[in-house]
Amino acid sequence: MERIDGAMTADLEEVVECECRVHHESGMTPFTERIGESGKERVGIAIVGAEGQLAQAGDAERPFPLESVSKAVVLALALEDVGAEALFERVGMEPSGDPYHSIATLEEGELGVPANPMINAGAIVATAMVRARDGEERFGRLLDFFRRLCGNPGLDYNREMFEAEDKDLNRALFYYMRNHDVVQGSEEDLLVPYLKQTSIEMNCRDLARIAAVLANGGKDPESGERRISEETVRIVLTLMLTTGMYDQSGRYAVEVGMPSKSGISGAILAVAPGRLGVGCIGPALNEHGNSVAGLRLLKALSCRRRLGVFAE
Amino acid sequence: MERIDGAMTADLEEVVECECRVHHESGMTPFTERIGESGKERVGIAIVGAEGQLAQAGDAERPFPLESVSKAVVLALALEDVGAEALFERVGMEPSGDPYHSIATLEEGELGVPANPMINAGAIVATAMVRARDGEERFGRLLDFFRRLCGNPGLDYNREMFEAEDKDLNRALFYYMRNHDVVQGSEEDLLVPYLKQTSIEMNCRDLARIAAVLANGGKDPESGERRISEETVRIVLTLMLTTGMYDQSGRYAVEVGMPSKSGISGAILAVAPGRLGVGCIGPALNEHGNSVAGLRLLKALSCRRRLGVFAE
Amino acid sequence: MERIDGAMTADLEEVVECECRVHHESGMTPFTERIGESGKERVGIAIVGAEGQLAQAGDAERPFPLESVSKAVVLALALEDVGAEALFERVGMEPSGDPYHSIATLEEGELGVPANPMINAGAIVATAMVRARDGEERFGRLLDFFRRLCGNPGLDYNREMFEAEDKDLNRALFYYMRNHDVVQGSEEDLLVPYLKQTSIEMNCRDLARIAAVLANGGKDPESGERRISEETVRIVLTLMLTTGMYDQSGRYAVEVGMPSKSGISGAILAVAPGRLGVGCIGPALNEHGNSVAGLRLLKALSCRRRLGVFAE
Amino acid sequence: MERIDGAMTADLEEVVECECRVHHESGMTPFTERIGESGKERVGIAIVGAEGQLAQAGDAERPFPLESVSKAVVLALALEDVGAEALFERVGMEPSGDPYHSIATLEEGELGVPANPMINAGAIVATAMVRARDGEERFGRLLDFFRRLCGNPGLDYNREMFEAEDKDLNRALFYYMRNHDVVQGSEEDLLVPYLKQTSIEMNCRDLARIAAVLANGGKDPESGERRISEETVRIVLTLMLTTGMYDQSGRYAVEVGMPSKSGISGAILAVAPGRLGVGCIGPALNEHGNSVAGLRLLKALSCRRRLGVFAE
């Protein structure tokens, strides 16, 4: 893992400063419905390197819901629980070419089998494969896993957000897959824990810590304790690179080149394997559902620090 | 309406006889899962003409569930209740090119709006537009409408079949449409009455009576009482011709040419406007979900009697 | 066939008058690229009934290219030449749900087999099946057929239009189908006659005469001579009803109910079987490629005169 | 770059030996139509490391046509000629989810713009952007580029193969794109050089040398001379990883993890960045169009030597 020095912090501040100016001048509509506000302080970034050293800039400490970012972590726990062979019998590994919430994609290829674990249907399957007797235990294990990865026992999900959310689209995905025996069980046991964990809230520092565990081959960079197996890390990073940024994944791989996962809260978790973990937030989204500010921050950072996987 | 004479009965017997031979020799697998048996007596046909005169051949008196055949009747009641303008804001009029249970089709064009009322999603919308305070009243009104059309107050739905059926695929369609505000209400109020009415059971004579009302411009051919408005009949017949036979509707329009609706119980309701109403059953299905025997019976009959809309 | 009386002429004039007002007030952009002008005189209609009697209103005598309208006539000649069985091995009978120029549709179902003869790819196949030694003879036979149907030996195609047209999209369809052995032969022999016949020019009166032959079961209404077999007429009318108005065919069947074929020149050929043949023009197109004025004229006329197939 | 030692050669021989046994026992049909024979000697692999050191096993010296493997190299030359910005205005960077020869994919998103440069349509665009006055010069520049990368001035294309090939599908793609102005020019100038270069023949050693230039950041590992810019190498490797193995790219990235490009001749070019270049051949193809033997060889090798990008 890479050491964090003053130059890194300066870099972060510069890219955030620059991004906020662009963001402000463009007058882009921020994602206010769930986050509540916008402006300069709403763009934030944090980086974790060797020994858990941290750098941050902008609004890196205010919490946001994870939304789709959590799919990468759910995938990791499902892989740890049941192994790659069992998991990939029920979810594919290919980019779908369709939006993350698409149901049409479930009628292509093998009926009811989602294209990959980074779209909603695929993450519902991954959640369903997390070992537990019921929905409560399933969500409990997921929340615990997030807490251990961040080293933050105070993490929780946003109850109002979970209650208020329109669940019908995910219900449609769930029942379609259940009809094809891809998942087996009740809404309560399988779908509810999926929906709850998308509402887990954290800030950029927490997010960067999760990214740093992935960057460090599955070990906590501070304590050196293993959190995820090497094999699981390898699979998760690969799927993040090929499918983590919605239907912009291909372009992002070329332009940024870091295995990443974005969410519609404007959060992005990005990994420079062997070097750094990054978490950032910027609520305004582009038409693909990716954070406009986040894309710019990560592109600038990847370029300056040559963080892309094929970058040297 | 056309008078039924001895020649017509002879014709019916001949086409049934011929069909049973073909059916038997081909060794085709009949649709036994829900019907329970097969063989010669399972192919049946009935015809109703002027003054409600009836001719029948084969196994025309044993009941079967309507399945998709009922979609034509549900459409009629929804049109009578809310009118064409309101109905066709929430369901299209175009052939879908996709299977009747497809969910992918809901992501094409206007999100969540089914292509036409003859596919599952479209018939769920039509059911939802039938005027009623709750699901029980909604199903009650539908059952009543079927009973009046057939002149058979003993009609009912098959409770065991309704209970046993896998409802997940239709749940997926329902929640997907509810997510897009195409339907508004609960599973209990909207989806349950749809599922119940697909389980309504009748025989070929009942089915032919419904067809005869449509053939007679909406009036009961026996009593002369109006059951459906002319405008509704016109719309239902047109949609039966363009979309009533799943993704074989185009070929069927060329080869048989009678506005018809088929179901996966092997039933077909067919109309020769101004002349005759036909109901037939034959449980073996082809790959499109249409009755093999039914297609042959109707093709032979249409050819002999020139019953197709462009046939004289 | 129906007799044309003064009331019919008055009806025609009234619907044209009314349409021109709407058209003018809406400020809709007319299809000027190929036609050259617009306005009141560019909306025209002609009707041919019993004994070839004619009524017309608006600009019914100025010629326009047929474009896709010709597909219905090409289908008739191909059916007369090779029969339904041979033709429908290479082109389907189902609505495609895709735009008329779609190439994607050729990758659905049987590779390279067009959905129906009313889309470009299907009409190229139909042209290819017209019997001839080479492209020149093939086009010659097509032009002759059009001339006989109209009773107008002066008909010809527009050479400049044919030369100027961008042929690449149709080339793509042609080579894709040739790759799958659906057509066999050269661009010169198969594609060129297709392109030439889309450039054949006629006016509303000519068009109405073709429609009247179809309405009269294949016989010229004036001379009583047979021009097309009954069987071919039946098939052509059915496909016009189910697929003749692009991806608006279903709605048009409900709202107008006459077997029709439209083209992007704004022309529509419409048939009231056993009663009347109609030809009309109105260059402004809606988003489906159908004439805005034509749709209104035919809807009004069909409604007043109850010309739809299920209308009485 | 990694040094090649005896252990590497032993590894290669072992994986080839093992693969040939599996291949033989499974009785899989080899790709004999173009290659002419099969069996043990037809499975071959070569590896190039530091200073151009070479190891090989199996049938590594008999030539085969490149087919789609060449798409990675054409992309490199087009990027060197016009730059990423100009190129990616006319071809995307996203996996298509469709087969490599799909034409339907051109109707999705921006009309006529191929999803990525690793499918036929995209490679035709890349070829068209290689700077040249005409088709002959264009192909000449491509052939030269291949010769320089391999350090083999004797490379050429297979004339009989080029002549005999059915060109209609690629013609369809070409004209469809030309219709949408994505390419501008004649078949002779743009399509012919594309088709010729797919017929270029080389053996595993040549292929491994090209791979080694990509592995070495664009410099020839033997001479140290720059052949391709760093920026181009970065883009080509990324697109190979995300889209290089047809619609199996996602799974291959997880299981093998080396940026690779396969062709239907059974060839695969694979890169371990900073370490090794690999070329292998095995004519039997799976249903995705990838070499069965090649996939096994590379999976075994990647696993033993930890060659995957996330394999540390």
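All chains are identified by letter, namely A, B, C and D, in their written order; residue positions are counted from 1 within each chain.
Note that contacts are C-beta pairs under 8 Å (C-beta built on N, C-alpha and C of every residue); 3 or more make two chains touch, one makes a residue touch a chain.
This one's a predicted model, so the numbers in the text were calculated from it and none came from an experiment.
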- request: Using the contact definition stated above, find the chains touching both subunit C and subunit D.
  value: none
- prompt: What is the chain whose Cα centre is as far as it gets from that of subunit A?
  reply: C
- prompt: What is the distance, in whole Å, between the centres of subunit A and subunit D, each centre taken as the mean of its C-alpha atoms?
  reply: 33
Message: Distance between subunit A and subunit C based on Cα centroids, please, to the nearest Å.
response: 55
Statement: Where subunit C touches two or more other chains at once, the residues are 108
Statement: Each pair of chains that touches is included here, namely A-B, A-D, B-C, C-D
Message: Which stretch or stretches of subunit C touch subunit B in the complex?
response: 92-98, 108, 115-116, 217, 233-235, 237-239, 241-243, 247-251, 253-254, 257, 259, 273-274, 308-312
Statement: Within the complex, subunit C is touched by subunit D residues 102-104, 106-108, 166, 168-169, 171-176, 178-179
